[in-house]
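In what follows, a single structure is set out as structure tokens and then discussed.
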């Protein structure tokens, strides 16, 4: 593309990142502010970080939330990738039927879906439990992975698969060596989105978690009457720091790994 | 190595019959071309041989073993695809070594075989390159090396050169043929380019709408086509309507405004004929000569060593091909006299 | 592409390492506070707002030490969700709930609560009579709810901005303060407050059409519809709103956070509300529930609850008498508790739905 | 058995786990929702039902609240989706095509970082930025565009800004997923034919990114139209959306029947909208492609 166009795009890209990270900066800033309400006056203090690690119940809830998100994300990515692969073999008319159903969990308002699921689980006898919370989150997150991974198949070049078969690779080997690398960007986007959605899916967790068990969204939403203390900001700053470190490490690792496995 | 036998293959997708009773045999080490317009079913034959498609009926035998129902990965057949189908996420070396890794060969053996393959296709020293950063010709050679390195019984090539530019294509035609003979592998080559088929093959099968038109060596196929389609498909032939007449002992084909003697093969007086005469078979002179026909020149198309002369023979439009030196003499609009030798006038009774 | 394959592997292992073993977390019991571990000791499941006294260190932890049991808090985001919890599988799992004065009758009608044996409650006799004998709390001779704390949703304003003296609800309709008003996003408060402003004979049975028109006018002047302390404190601190109705607790928090606020009881009277403890039907541990209610209304808890950083008005008369004038000022019950209080009472389902529809129409207009 | 049947069985075997999950946990709840919308009031603790009635639906259309809110929510949804698309395309293009290949994954993951905090906290931090004498207002004051003491908080504009911020990453991810696949020399080809960046976008990039755009619209328009947290916190007095109406039926006054009925009507309208979007997109695709 022409040089000037590239520069314009670069400027817009930088602007978008500024917009995305401005509130993050505010969150981090407010986590060091002694005054609970509003920005001014700003007195620097670690008070909220001490509060977070001593009195606040946010940490155990965060760990449970992260565990739930990771396990749901992993299972969804596996099931989603497999069925996106399966969709390639199904004739069009079955697909026309499967496609809208796979997007159903996004269309039904989550509030109603979680209450209906709760009644369903009560009827089945499991009631509020980890299992019901797990499946509740799984079903809401599955469409994201399906959409992202199936998207990769949309107009992909399928001949390397035939080439691999000709060279003697059995169907599973073909998947591992050819199809999986091709799907990977879709899988990563799907995994990130599902992690993101599951980490914030309040309705699904509020109605399905066993009594007394609280994930981070429940812990935060039920603060509705009392209000939020900046220990939430402190927690958020730590989460942001850790996720940025992981992302940078992965990129570094990813990059150098390329040389190793290249 | 091994021979390939194909017995009356039939295949239809839905209600459109793609292959109709296809049978042929490829001797050990021979190079067979499947030639025909796109959509004539030649690629489907290839996909049935390598197991990516299953025929409705008929059989495929390699060294007498029936592999029709065998799944693709168990057939040990090498294949080079039209768009090369290299693995984008692997380097050249990994691409070529892939088949060997599947066959659980030792690291040393893989290294040795890959080097042999790279030398075979003149790509030594490029093993760590990314496939996406290579030219079409180089990618094609990697695909060939990848197919050959597993020492397959049969090598299949699906229009491998169609994506290359003119100059590299003729180079690759020579190189593939050369490698094939050096390795001595039975090969089936699919193409729609008649020049490629003629230069590379031991034998050619011409296919049209799922039916074998003709199977013969390149020379006979070119010079003695058995049908109007065959003659027109291989080398541009002039197809003219005429009527069979006989005056005394020699037979003639009488078109509107011209008459040419021909060697009698079949048909009776008055039959409607399709006469096929190649442009280069006319003898051309500026002055009239023994029963030559008059030809008015309308256009000359110069294409390097040869030159095409377009014009009117009686009422019919005819295209002559001659070496550029001769073409110099004829002027546009002028009259010249042409006469094809009897043996080169082919005719088919309608 | 190869690089992305390693990225995915690294991402999952890094995440897993970071969170300790993620061993089949879907059914591992975690150490999240209050996990209802059934390790033999008695467990009490309490349904309450988060951070509303019972989970303070002088609340559940003290109770756990006292009776060597485990208290598990189940929080909710609105009283109705508390009832939904009971209806959707909570019965038989939750011991005590905290219905507000408007929800006791509903919980009773829906068959969610059981009578409380007040004879076993040592502190019941010193509780404030008005709240103890609240009509909805005692249904055909049995006590279904024991008062815990009470407050008003009265008129509060920022004297630095609103200079003149405010004495009546009509100032909310005064165009002078348009765009500076914060109002509680609750259909019952909205309609009852408007009924008081219109001087309706009974604020619980107002003429809905008249209320609807004046509410529409009020909404036009309103800037913020708040539903929690925070929703009110943030705009108030940023001076975007200067006047509006607020809970007594909000006024207390504002003064403690050194914001000037005047909290008055308008001439027409004000809306009162009370939070009551009730024992859920077939509660797993009835006796422990009784002890909990007793502890919650006892002197030890009530004094701490009335004097802590977000103080609330006690119901235990002994505690109220012992409060210093400053403490009473903080609770806005100095010199005496406000007289003309109209306590929010339960509504039958039809009126409740009708009031909500009015409020939704107003908000959607 | 013939090749194609073998394929279908393998396909259906692979799709089985997800379709089973979808059946049990999405299709059945959908039917429960439809069933709920016909009950009168609630399901009692022991599963008893007061009775069946259709006045849940008549109630919806008896007064204009629902229809007004539905149009308003759809309006907000469409505005938010459009702005997200306008911002996401250049960003996704920059990440996919202009940034160096090794940074693609890094840049995409950075877009997700905000979501490792919590939705509520993001809203609060944006409120701090938008509030009177906050960052934005003092900036605008500095540029003499607005009086710093006022603020756009507690208004529909604020709701739109918050929703854009929250759903932008979804749109960027979806469009990136499609754009990343576009072969570079397709773009060079279009340029060599003399197309400026706009024509290249319209004729090459846009049609190719259609699947990503479609899923992006699905992941933004639908949740935004049904959102109730943002309007509650930031919407101010006239910030109510249809999501808040549904939420009020379930958590303010327990009337499952009416709440389910509203959700069902909401569901139908959203599916129709998505159907229209799909048709428009395929027609746009055909008209560009000249098919």
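A few notes on this one:
Per-chain residue numbering starts at 1, and chain names A, B, C and D are given in the order in which the chains are listed.
Assume a contact is a pair of C-beta atoms (placed from the backbone, for glycine too) under 8 Å apart; a residue touches a chain by one contact, two chains touch by 3 or more.
Remember, predicted model here, so these are calculated numbers, not experimental data.
The minimal number of chain-to-chain contact steps leading from chain A to chain B is 1.
Inter-chain contacts peak for the pair A-D. On a Cα centroid basis, the chain most remote from chain B in this structure is C.
Centroid to centroid, with C-alpha atoms defining each point, chain A and chain C lie 34 Å apart. Measuring from the averaged C-alpha position of chain B to that of chain D gives a distance of 55 Å.
For this pair, chain B with chain C, the centres built from the Cα atoms lie 87 Å apart.
Residue positions of chain A with contacts to 2 or more other chains are 38, 115, 119, 181-182, 185, 188, 221, 228, 242, 250-251, 254-255, 258, 262.
Annotation for chain D: residues 43, 102, 105, 131, 134, 250 touch two or more other chains.
Shared interface positions of chain B, i.e. residues touching 2 or more other chains, are given as 88-89. Considering their complex, residues 36-38, 57, 60-61, 63-64, 66-68, 70-71, 74, 115, 118-119, 122, 127-128, 130-131, 134, 180-182, 184-185, 187-188, 191, 206-207, 210-214, 218-219, 221-228, 242, 246, 249-251, 253-255, 257-258, 261-262 of chain A touch chain C. Remark: chain C residues 3-4, 7, 77-78, 80-81, 83-84, 86-87, 91, 110-112, 183, 185, 187, 219, 222-225, 227, 231, 234-235, 238-240, 349, 352-353, 356-357, 360-361, 363-365 touch chain D in the complex. Here chain C touches chain A in the complex through residues 1-8, 10-12, 14-16, 18-20, 22, 24-28, 30-36, 45, 49-52, 72-78, 84, 88-90, 93-94, 227-231, 233-234, 237-238, 257, 310, going by the rule given at the top. Across the complex, chain D meets chain A through its residues 7-8, 10-19, 21-23, 25-30, 32-33, 36, 43, 87, 90-91, 93-95, 97-99, 102-103, 105-106, 108-122, 124-126, 128-129, 131, 134-135, 165, 168-170, 172-174, 176-178, 180-181, 187, 191, 197, 200, 208, 211-212, 215, 218-219, 222-223, 226, 228, 243, 246-247, 250, 256, 259-260, 263, 266-267, 270-271, 274. Against chain C, the residues of chain D that register as touching in their complex are 41-45, 63, 65, 68-69, 72, 102, 105, 127, 131-134, 151, 153-154, 232-233, 235-240, 244-245, 248, 250-255, 258.
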